[in-house]
Each structure stands twice: as structure tokens, then as C-alpha cells.
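Following are the structures in question.
In what comes next, chain A is part of two complexes: it sits with chain B in the first one and with chain C in the second one.
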Partner chain A sequence: MRSRDRWQLPAAALLAAAAAAVWWRADLFTMELLAEVAILAIFTMSLQLLVGVTGMVSLGHAGFLAAGAYTTAAATLFWGWPPAAALVLSVAVAALLAAAAGLFVIRLSGVFFIMITLAVGQMFHAFFFRAQRFGGDNGLAGTPRIDLAALGLDSGAPGTFAAFALICAALVYLLLLLVTRSPFGMMLGAIHQNESRLASLGCPVRRYKLAAFTAAGAVAGVAGALTAQHTGFISPDLAFWTFSGEALIIVILGGSGSLAGAAAGAAVFVLLRDLLSSGSFWSGLSLPPELASHWQLFMGMLFIAVVLAARDGLYGRLAWLIEALHTRRRARR
Partner chain B sequence: MSGDVLRAEGLYKSFGSLRVTDGVSLRLPAGCRHGLIGPNGAGKTTLFNLIGGEVKADAGCVFLAGRDLSGAPPDRRARAGLARSFQRNNLFAGLTVGENMALACALKRRIGHVFWRRAAGFTALRAEAEEHAARLGLADRFGEQVAGLGYGTQRQLEIGLALLQEPLVLLLDEPTAGMSPDETAAMVALLAGLPAELALVVIEHDMDVVFGLADRITVLDYGRVLIEGTAAEVRRSPEVRRRYLGAAGR
Partner chain C sequence: MHKRASVLTIVSVLLTGCAAVAAAAPIKVGVLLPASGVYAGLGNDQTLALELGFDAFGREVAGRPIELVYADSEAKPSTGLAQVKRLVLRDRVDVVVGIISSAVAGAVRDFIHNAEVPLVITNAGNDHLTGAQCSPWIMRSSFSNAQISREMGPWMADRGYRNVFLMAFDYAAGHQAMEAFRSGFVAAGGTIGGEEYPPLGETEDFGPYLAKIRAAGPDAAYVFFAGGPAIKFVKEWAAFGLHGEVQLAGAGWLNSALYIDAQGDDAEGTLGILNYVPSIDTAENHAFQERFRAAHGRAGSEFGVAAYDTARLIVEALQATGGNTDDKAALAAAMRAIRFDGPRGPFRIDPATNNVIQNLYIFEVQQQGDGVAAVVQEVIPHVQDAPNGCSL
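After this line comes the complex of A and B, so read on.
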């Protein structure tokens, strides 16, 4: 896997090119899907920093996304903040909450870490579920989108917002790529490999884990703010553990440790869900369209197939493909 | 007393009803070469774990260069100048030799927290790692993954990582264990060439290595210090002969 690290950037470039190409020809509905892919990719890349890079398998990451979404809703709807300022606040709040939760959760590891993060995520859910100001379990609609009028753009247009979300995802990717390739990122990778030896070499492992947990929470906050802007709607479901679980599946599907893989996984997940849950897809295969309501079953089967067939995930396959093309082109010369 | 770079006083540790370390004290002046020997289960590795902070002592204190580190976690002790190698190779198996070394270098240079610059941009880091690899005879293995290396080579890296920390005190837990005679000879030569001011403690079962290297020796038995003295004193001690050395002490 390590030798394929050099395909990290080409793989990301390929993804970006694919996104741009789709965006160029997309209809309104596809634009909505693209925006969703971009936002989910931000979320899964932030989780990748924890899971694939540092080896901290969190099952409560959606809590910080929800915190970002609710902060954006509160700031824009209750206090009349512009969405751009609300986005910054969302990141700060998500980071703060992640740091506070991190103080406790990083003391545990393995299955205990999974359980305590699950509990933390569910605490967020329980809190939002009872928050009457935010509509309790009904949620709250009406969060405005970022104002791009200064650029002569209308973020209400699906294409414009999709482009905005994609650019945000690209920026997050570059930021996280820098972090994972920095000395700090080296340490996180080493924590994954052998935490106790790294401590013996003088690394304050807990502080580094806390920093990673906080950073991942902050980026999840970005995804949350953009979710609130995109759908205009927030609900406690955003914090529910099944969403954290979905993100975890995507990260594993994407390939361990790879940011581009996590983003690719997000794209595959959204597109597959859209495909499998549409009745016309099933009737096109001359199968009963009712199968569409069982899309999760087929998605699950697909995931099992992918995990069995490609243990290195989408990124591993993607790197393999690029490598094969590369060597063939060289051979032809 | 102030001349001692490491001072461990009255260390106690029990695992359940088993007293593994029973009032052990150890003083190391700068530049000492100290051997730690004793039968299996005498508490040698536990003593290292207590000094290194991997295991918390029930009682007793540890001072390093005058600083009280009794309750400190391993990483703080390491930053204060303590380094150790482990009885079983304890490496970053999924990384290359060079990456293993770069980790130790980055921590020594206190740049592990830098997240805003690419590690590849720190050319001094790679240069130091390469130079160190050459010194350890690992230069041609620099880009290889550790998991694929032979045992002896991993062992060299195990010691090498500790050396990279440029410590005041170095604890080596059976550095030559499992090595071939050639590798052992190379390790002994490496240990002989360590900086003169370094305080070195070696746990070793190879008596030729211990007596060749150490100027003072502590013999542990059932968690207690049986005797501490110069190599000659230990060799002469009838009790040590009876309890431990056997044929090797003759």
C-alpha cells in the first residue's frame, strides 16, 4: 500500500476531473447529487484522518457534523449571521466540542474507543432530539445558503452550489493531504503502527491523538455547515450513529489511510444509493420496481463483495489501474 | 549524588502477590557502563519498565539529570534524556527503515507537531536518518519495509532508534538476543563506540558481552539486588557463582 502512496495525487486529480466533467454536463438533479457527494466526501475524509491514518475507529463522528449543522442553523436563523460567518463559527464549535469529548475518549483504545465514541455521538443525537428551539425530532428548515452575490453568482442555483461544495472538498483534501504528509501526520501514522514505542521515543501520544480528534471534528463541522446550507434543513438524524456507521463503511470501502479513497467512496456510495433506490433502474432490468425500497440490502451485498474482492479498497484498485496504464504507456514507448 | 545522571531509589513493584521488584536502587554516573544480570524472572525487564515509565512503580522514585520523573509517562522521560530498546523488537513494522529513523529524528528535534509543512521539506531529517543508517550498517536497507527485514537487521534498528534519541541514559534490553555470532560482534563494536558521556545499562545473557562491556554490574535475583560491584567483584562473589553464573563465572 505504501508504494502506492505516490498515486495519491493522480488518483485525486482523476476524481476531480471526473467531478468537473460530470458537473459540466449535469442536469439540476445531478447537481444536487454532486453537492451531496462533495459534502459527504469532506465528512469521510475527516473520518479517514482518524480511522485510516491514526487508527482511531470512531463510531460517533456524525455528532460533530451535526454540531456544525446546528451551529450554522442557529447562527443564521436565530442571530441573523451571514452563512459564511456561520460556517466559521460551525468549525470552531465542532472543534471545541471534539476537543472536549476528545479529552475523555482518547484515553481508551480498540473496542472501548469505538463504544465511547458511539456514546458521545448518541449524546449529541439525544440533545438535538430534545432541543425544542431546533424543532426537536422534527428538525428545522430554512437555513440559508452562502451569499456569493459579490462574485455575481447565485448559490441558490444547484450548479453554483455544487461547484462551491466541490471546491470546498478540494480545499479540504489539500489541507488534509498536507497534514498527513507533515511531521505531525508521520506521527499519527506511527501511532497507528506502534503507539507505545512512539511514546518511548518521546512522543506525547495522547496530545497528538487529541489534536487529531479535534482536527477531524473541525472538518466534520465544515461538512455539517455545508449540509445545513445545502438542504436548508437540519434534524437530529444528522447525529444518529447509523450516519457515523455509513461514513465508516465508506472509509473502509475507500481504502485504509487514503484521502482520495475516502472521497471516491463517498461518490460511489451516493451514486449507488441513488441508482439502487430508483424504481426505474429495477424495471429497466425487468425486475419488480419494489426492489428499490430494499436498496440497503443490495448496497450491503455490494459492500461485502467489494471488501472481499479488494481488501485495499477503491483507492487500492484505482492506484492499480493508474499503475497499469502508466506501465503500459511506458512499454509502448 | 549530584554526579549521578540517573538515580532510581527504592523501586517496588508487585503483580498480584508476586513481588517482581523488591526495593531496587540504581545509580548511574555519566559515562558509566553498567551490566544488569540475573536469572530469568529476576525482574530485569521490569526494572527497565519502571525506570522507563512503561510500568508504574508501587513505590520509589526516579531522577534523571536531577529532575524528579517518578510519576512521569514514558514520553516525558524520553524527552528528559532516557532511551531504551526492547527485549522483543518493537518497531514500526509497516514503515521503511528510513521512516522509522525519521520518526525518532523528528521527535528528537521536537518537530513532531508541525502540521503545516511537508515532512519531505525537512531535508535535514532525511540527511540525519541516512547518516545514522550508514553508521548502523543499514544504509542499503534504508528504503525497505521493516516487516520484511531479517531478525538481526530489525534488532540493529531496534537499538538504532534508541541511539538516535541521543540520550543521556540508554537502557538496552538484551541487545544481542537472537543474533548470530557475527551480528553480536558487530553489536559489541557498536556499543563500544558509543559516546563516552552516555550512561549505559545493558541487560544481557551473554556473559562475554557483559563482562567485556560493563565496568559495574548489578545482579538481580527474585526482584532484589543480590550484589552490585565491579566486574571483578561480581565474578569473585561466591553467592553469584552459586546462584547464577555457574560455569561462566569460573
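After this line comes the complex of A and C, so read on.
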């Protein structure tokens, strides 16, 4: 754990540099992808706090993202709040809901925890699906983006919004890094490793788990608010369990335990999906373009390959490789 | 001699080919239809008919070939939005067609509106898309939910049905269809004897709901179901013994040409209303059905017709602009000015809402040959939506 950790900051710096380089040269569509990567990275990093750090595998995390998105939509469209204030409210609402749900779900662990979080997420989905005020299954369009006119910027421009989302993602990364390196974060890591020993030492394990669940929910709320701003559209699909599952896959793909890994996983996922679901990519390989509709199949095969070949994810393998080269060089010297 | 002739042909074909490529860039039509997910079947039906339509009405305008660029929406709003962004921003399509699911249509609405690229919706029926949320860039060649169901209320009241039970899945389209029926039916003096909205995607068995219909004892039931649940509903209706006891009526997807054969005798006697039935007796419809049958070995459906008419709408609008796609506003205006007689009758886009103005067909399912088929009882011509908050 600790040996891997030393690559955490260099990896994050590399990722940030790559994002900045892409942003510098991107066309409009790539800007849209970058914004999507940034928002998804915020979401997967928040899930990482639960899955990789604390060892709570949640399959309902998208519910809190959706809560944030719907809060932003309601605050801006129904009450006329500015999007920045709506973002703050979204975080508060998501945190509150996560705390309320957390009171129940943290009492369970293992498969039962997965199942109850799945149920909680689906409750959000069912609620939004029937909420006629929010357009029910048709969703609701028109959420405005944050007003950056004070900085002389137009957030409606794909490049500006992509930069805004990337900066948000960087801030969330730093925040979560501080959390995981704080004594609180150390306790979460200890709970992950041996919960019963910690409990027998007199540590209020449940309180820590509840705090982790609430914090993760709050950060998911940020991702939700940004999603609503980015697409200008919310629908119950945001809360559907397959989205939670996708995020879980990204976390495992990127490297369980590492925030930079979760962010990198989000980037790999979005870019691969864009590539594999594009007909011109397949016809470029002189294969039938209809394969684009089966991108999930190829993504699934990749996922299986990663899980088989690198149980600690892409980030874990990479760190292991660098570490191995490092020690060999030192041994030679 | 022969050889030289063929060499000459090849050379001339190559030369004209090169000249055409050099002279005219293709006109790109982005097609956003689900090839996977719950609506894959409908997406496939529209893809086939769209290709057939461009075969029939021309794949070249003013020397520019028409190129279809496909994108799979998976019937999911987020995927649909990502794909439409790719079509517009990366593939730089001149016009977008497609969209089965209203949720996908809602997701792409603002992006299309701001990108100022014409979009022709070939299915998604959400009333608001051509109502309060209408856009000068978004036209609809299929229907609005209210457009289909609104006329059925007065018609049934006229036929002496006084007390009708409503039923549809608990989702936006279901409620819109039921409200449209209710407003017309109640205004014509009918009463609603009860209504039920089973949850979408979770209803395994209609039995409890059918029991409520029997207990309410209405003259008729007006329902909105499509696809697999429509087959199931009609079969359970018959199995429950409501056949002959209560008149079954519905938005016509209940007995769509795609699956009426699977319902068989159980569908007999059902009343429906829709913008198309395969038995329409016009030269345009025979031509469509013959083409579709020749290519795919089965009857074309109302879903196919909407895509087929969309191909014609685009080709004729492009002809009107002389193949010019640089001025997107002129292209959209040309589309609004197109009128033709298609398989379902007169077709045109309403300049007030951008929704299609079309005939509606009230039909009864009757025995025909060795199967059942929708037989037209009455044609309601030129059905047009009120603006409903739309100002273009």
C-alpha cells in the first residue's frame, strides 16, 4: 500500500499534464469528451473513497449523483437560483441523503452491503422515474451552466466548460487526497484491512463508515451538479444501477485504492467508449461499422483481460512495473 | 471490340467518379437510432425503411451524393446526447434524423437547438417537443402522443360508448395519451369509469388490472401499450374473458403490423387509431409495401413509414435548395415547405409547431384470409396539433 502510494502524486501530475495538453489542441468534440472525463473522474474518485479506501463496494452510488443533478435542475429552473449556489445546495442535499441512507446501509457488509446499496440506488431511480414535476422518464432539459461572465468567460463554450470541469476535478482530487492522508483517512484504510480488530480496539467503526459514505455522497453530488450543467439535461437514467456498475468497473479497471487510478480509469473508459462506438473507427480497420453497436462486448473483454492480468488495475500494474525497474537499477548499482 | 468498350466504360466511370468527388462533397445525414437496447427492434425497422426511402427517392442531389452516418443511441439519453454531439461536431453532418425514445429526444433538444442543425424526429412522441419546448430546428415526421389519441374520444362518444376505462404504463407517454383521450371524450359527454397506471417494466401480469376493469364495468377500455406488452395485454384480455364483455380500444400500436400476427384471433374486434395501417389503398402505399416486402419479406409498419417519409422529406428539401447545405436555416425552411402524398396520405410539416400534419385512421381488427388485419373504419384528415405553448 505504502510503496504504491509514492507514485500517487506523480501519476496525478502526469494525468493533469496530459489533460492540459489535450485541452490545448482539442477540437469542439474533444472538449465535450474532456468535460465528460472530468465529471466522470469526480464521480469515480468519490466511489474510490468507498471502494478502494474503506472497502465498501457500493452498487448504488449513482443515486447520489442523480440527487445532485436533480437538485441543481430544481434550484435553477424552479427557484431561479444561480448555478453556483445550486452546486453548493446539490452537495448539501447529496450529503444529507447519503447520511440518511448511510445510517442503514453501513450496518451491513460484504454481499449484503452491495445489495442494500443497489436497492437504495434503485429507489432514487424509481422516484425520479415517476416524478412528473421533473418530466418523469422523459427527463428535464434546460439546466443552465455556471456564470463565468465575471471572469470574462462564456461557460457555454465547450472549451471553457471543459477547463472549468477539469479544474473542479483537480480540486476534488486534492481534497480527497488530503482526506485519505489525514488520520481520518488512515482509519478508513485500517477499517478496510481489518474491521473487526479495529472494532475490538474500541474504534467507533460505524461512525467512520458513515462519515466516509456521507463524504463520498457529497462528492458524487458535485459530479451530479456538473453533469446537469454540462448536458443541460437530467433523466432518471442518471440513477440507474448500470451507471453505478459502470463506475465500479472504472474504479477496478483504474486501480482499486488509488484516486489517480480512478481518474485515469474514467479517462480510459470515456475515450475507449468513444473510439469503439464510432463506426468510422471500425471501418478504418476494414471491419463492418455495425460493430460499433457492440462496443460493450469489446469493453467487457478488455475488462476481463485487465482483471485477469492485473488484479490491482492499470494503475497498480504501472506502479508495480516502475517499482520493479527502480529496485533492479538500485540492485545493479 | 467488347474489351475496348468495357475498358472505355471503366475509364469513363473512373473519370466521372473522380470529377464528382472533386466537384461535390457528400451531403451527410446523421442517423441516430438505437441498434441495441430496448428499442433495437424499432430502430432496425426504421433503419431498413430509411435506406429503402433513399433508394426510392434518390441518393444524390445536384451532383452531391447523400451519405448516411449511423450512430447508436442505445435508447439512452446520455449516449444519445454523446452520439449526436459526435455527429454534429466531429462528422459535421448537415442534418440529423431518427430518435425513437422521447427521453433521448429531450436530451439532445438543447444541443441541437444551439448547434442550429436541422433534426427530423422519426418516432419520439413527447407532446412538449413540438409544444412548449419546440425549436425551429427540430421537426417531427412521426406523431405527437396527443395527436394520435385526441380524436378517438369524440369518435367513441359518437358511437355510443358512454363510460370508458383508461389504462397505460406509468410513464410520460402513457399519461399524455390518456390525457389526450380524456379531454376529447369528456368534452363529448363521456365519463371516465376508472383508470390504472401499472409500473413500466415491472408489470409481469395484467390480471389484477383486468380484474379492476371488470369490476368497474365500463362500456369500453382505451389503452396505450406497444411492443411486447401490447401482445401480452391483448392475449391476457382474451384469456380473462373480457372479449365480448368490454370493447377494447387503444392507440393503434396495440395492434401494430409488426406483431398483430402474434396476437392472432385474440385481437379480433379491437378498435384502434393510428397514423398508418398497412391496408391503406393508395398507389403510394402499395409502392411502399411492395418495396418493403421485396427487400425484407414482411409488411412495412407505421415505424417504417415515418422513416421512409423522412427520407423523401430530406431529398425533396435538398432538391429545393439545389443541394445547398451551407445555409441550414434555408434547408429547414425548405423542409417546412415540402408537401407530398406518402404511404399514409398527405404529409406536411406544420409551420406553427414543426409537428407533422397527417391523416389518422380509425380501424377495427377483423379476420382476413388466414389471419387478422386492421380494417379502416374512418379516416380523419389533416390532423393538426394546437401550438400548446410553441411559438416559432
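The definition used in the following text is that the second predicted complex is superposed on the first by the 317 of 333 C-alpha atoms of A that agree within 3 Å, B and C clash if a C-alpha of one lies under 4 Å from a C-alpha of the other, contacts with A are read in each partner's own complex, and residues count from 1 in each chain.
Methods note: a residue touches a chain if its C-beta (ideal position, glycine included) is under 8 Å from a C-beta of that chain, and two chains touch if they have at least 3 such contacts.
The structure presented is a predicted model; accordingly, all values stated were derived computationally and were not measured.
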First, second, both or neither for A:152, with chain B first and chain C second: neither
Which of chain B and chain C A:194 touches, first, second, both or neither: first
Chain B versus chain C as contact partner of A:80, first or second or both or neither: neither
Touched partner set for A:202, first chain B, second chain C, both or neither: first
Touched partner set for A:279, first chain B, second chain C, both or neither: second
Chain B versus chain C as contact partner of A:28, first or second or both or neither: second
Chain B contact footprint on chain A (complex, rising order): 2, 178-179, 181-187, 189-190, 193-194, 196-205, 208, 211
Of all residues in chain B, those that touch chain A in their complex: 52, 54, 73-76, 78-79, 83-84, 86, 90-96, 99, 102-104, 106-108, 111-120, 122, 125, 145, 161, 165
Touching residues on chain C, where the partner in the complex is chain A: 35-36, 69-72, 76-79, 81-83, 85-86, 89-91, 102-103, 106-107, 109-111, 114, 126, 128, 133, 170-173, 175, 200
Chain C-touching residues of chain A, taken from the complex the two chains share: 27-29, 32, 36, 129-130, 132, 135-142, 156, 231-233, 235, 237-238, 274, 277-280, 289-290, 292-294, 296
